[in-house]
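The first chain written gets the first letter, and so on, giving A, B and C; residue counts start at 1 in each chain.
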């Protein structure tokens, strides 16, 4: 059964399998394991960005198309649904109208982009998409009477999906991090710590929306996994490895490439819709900024290009780092301030400097682990497997000799 | 009679052909002429002539015709200001286009150098603000030279480091170049935060460069036009730099090597030259120019922040693509086009300026996929 | 036979994933013109490119004047006195003839006397001195490519198929130029498909097939032995004449 769910594309590394299961369980039971609004928000974003990054990987990793306009499609979805809800009132029809309209727009624009990618060289394409995405952001900023401009717009989600919608019963959650922290810092009062770790989980529309997102993210991810392992995906890989040869074999690379751009863009649009509904507030900065496009690129590359699982790992690691690495660095910086000599470099470790270290990490990883976390884990697993087999063969030989 | 007709046909056909030849042979002049010409038309045709019928009837003049309100003095001011902006962008862009032309290296971290240069320049100007405030021509020139020189020195040095450490390992791999240089840009930007702090830095422009030159009303056509002194300075500096670059490229051995390298790096090596050293030199000069452009831009905006390079990169990218990747001449004209379209469109409809910039690029690419002045590559 | 200026020993090279050279052994005698013959894809051009350091050596050595230059960088190899005229000539089309020549004179300004000699060999170079090289005709471009290689005294010229795609009259001009070069005691390694051209010029000859040298010897011997020609090159001179 796992074979058909994962389309035969297994993680192929024990560590990776463990990591993926941990992420899956963490997200599935998240609201009951991690208390607090920051954690809740982070989990929602991870689900959304798994879709966005995985669809980006379809282009970057599977066809080597570098586009900076991916977030433009994300923005189509986010603004499409927000504007529909604004115009038609907070109901589900509006959501579907917004989704449909933005998907239609995405298809048209993605087709145009796909055709453009044939007219210009790959490197040109990257630059041109950058400029086009920028133009769209300017447009959103300028059309403030419908988009709210730089101030952004509130997304008036239907009541059923907001915090105001309450079901009567509260469930009980168990704060894993809090408990572990308590056990480590205060091992003598285990009972007390355990009692404090329980917290109430309110059953409201926010929780419902989170689970809608989670289920959609899981479903779309499995869909993409199926896509890349289908004959279609094999052609994409062939094009990536050698476009001339693929063309010579009779594949119209034109169609395949355009199809990838269209599919990836539609998925990004869905991601944008979910983003708007989860965060309930969108601004050009949070949906369209160049920096965000770079972040998506980072998530994809750090996780591992061309693996899809990489997008899960990349999005999770990056978003957790974005939200929690800051605290850690802040702690390091405070500690260094207090030390002699070290306080000169404390500035390098401030809470706001997390991006500096992520940038360094990123550059190093492109040099030394170009296949990202997933690629590296798989390489290690394959090496271990080879060593094990080599050993088995060697042992077999010695056994033969002695026998 | 028949001969007469044929010559007439010939001459009119010849005119069309000559126009087509001009359009394809000098696409940069063609687009520039088109843009300036349209604006000149709007400026020179009196508003009353066009809008007369509506004005007499007391009706509202259609929006499109209202564009004819542009007067010649305004046109003049806009054109000079557009050139000033364009030339500053040219200074920033030239390095990036040459780097690509010579080694096919795409440095998306170029914006980081622009920001860094802006901060270096701002530091000098702020430190020597009493010189700038003195109103003395010599001290003002001193501040400018020191600020620009310091910005170029630091960004040039950073360029050496960047080329050696960040770019060298990923020659020939565009995908990795894009990734690594974006990473490098993030690091540069964060370093600015570490060194100068997270807040914007104001740049006190020297007193002599404040205010505007106002042409005397008696001057024909442009009487009453006001042009900021700083923009005039930017035009002068930009034109001098362009002339220097053109001289270097057309007259010196280094220039011959650069042009040869753009055609084929391999054959330059076969002649016994170490192209890597040449490339390093070009990269360093390009970085220094990005720094200079950033410093000039910072003083122009009178405020700098770490993200400015990132935002300017959009214009830089539009310029180098529109001009034709690798071509200095193309870069120069495309930069001026971008500057002009920003000012022109910004005047007519401020909200469209940014979009017009990208629209210019898309339009040129539709017409000529390789940009205005394509670079031949083997 | 004269001493070797250049010697290749068991040279292996790959281009991408393709193994092109499988153990080339070749001696190029000083002061002679050696012709490298062989059918298309035999590895002749790759051999020249490998000598210049443009293709990575995976095994074997290249010795020039007794010095091991395997794996040296291309500019260093050029500075040791080897000139290379690649297939397709490799001239800089956007540069003028003058700039092409100035670039080739890597050690300083062009020696006027030598330039006069080059002009005598290739009169069109003087005529089009300040014109863009891209506007020259095919034969003139080939002349420029060779002129560029000899504008400074070099110890070894590597020339890849100079006659390719040229009209017979121009080929005759080129032959005269090569004969003049031979009189100057230049050492030349010439890749050629045109056997008549090769026979008229060559002193030594080597024949390559499938990435290795399968025959090496004196040109005179090969020119007389029709059976050997038939075997090595699949051609008979009788049919050509």
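Definition applied: contacts are C-beta pairs under 8 Å (C-beta built on N, C-alpha and C of every residue); 3 or more make two chains touch, one makes a residue touch a chain.
Just so it is clear, the model here is predicted, and its values are computed rather than measured.
**Q** With centres defined from CA atoms, tell me which chain sits nearest the overall protein centre.
**A** B
**Q** If you take the mean of the Cα atoms for each chain, which one ends up farthest from subunit A?
**A** That would be chain C.
**Q** As a test of whether you follow the contact definition, which chain pair has the most C-beta contact pairs?
**A** Maximum number of inter-chain contact pairs occurs for A-B.
**Q** What whole-number Å value describes the gap between the mean CA coordinates of subunit A and subunit C?
**A** Chain centres of subunit A and subunit C, defined by C-alpha means, are spaced 57 Å apart.
**Q** Distance-wise, how many Å sit between the C-alpha centres of subunit A and subunit B, to the nearest whole number?
**A** The computed centroid separation for subunit A versus subunit B comes out at 37 Å.
**Q** Measure off the straight-line distance from the CA centroid of subunit B to the CA centroid of subunit C, and report it in whole Å.
**A** 46
**Q** Report the residues of subunit B in contact with subunit A in the complex, numbered from low to high.
**A** Per the touch definition, subunit B meets subunit A at residues 106, 166, 169-170, 174-176, 178-180, 182-184, 186-187, 190-191, 193-194, 198, 310, 314, 317-318, 320-321, 325, 351-352, 354-355, 357-359, 361-362, 365, 369.
**Q** Which residues of subunit A touch subunit B in their complex?
**A** 64, 66, 119-120, 122-124, 126-128, 130-132, 134-135, 138-139, 142, 290-291, 294, 297-298, 301, 347-348, 350, 352-353, 355-356, 358-360, 362-363, 366-367, 370
**Q** How about subunit B: which of its residues touch subunit C in the complex?
**A** It is residues 253, 256-257, 259-260, 262-264, 266-275, 376 of subunit B that touch subunit C.
**Q** Spell out the residues on subunit C that touch subunit B in their complex, using ranges where they run on.
**A** 52, 54, 73-75, 78-79, 84, 86, 90-95, 99, 102-104, 106, 134, 148
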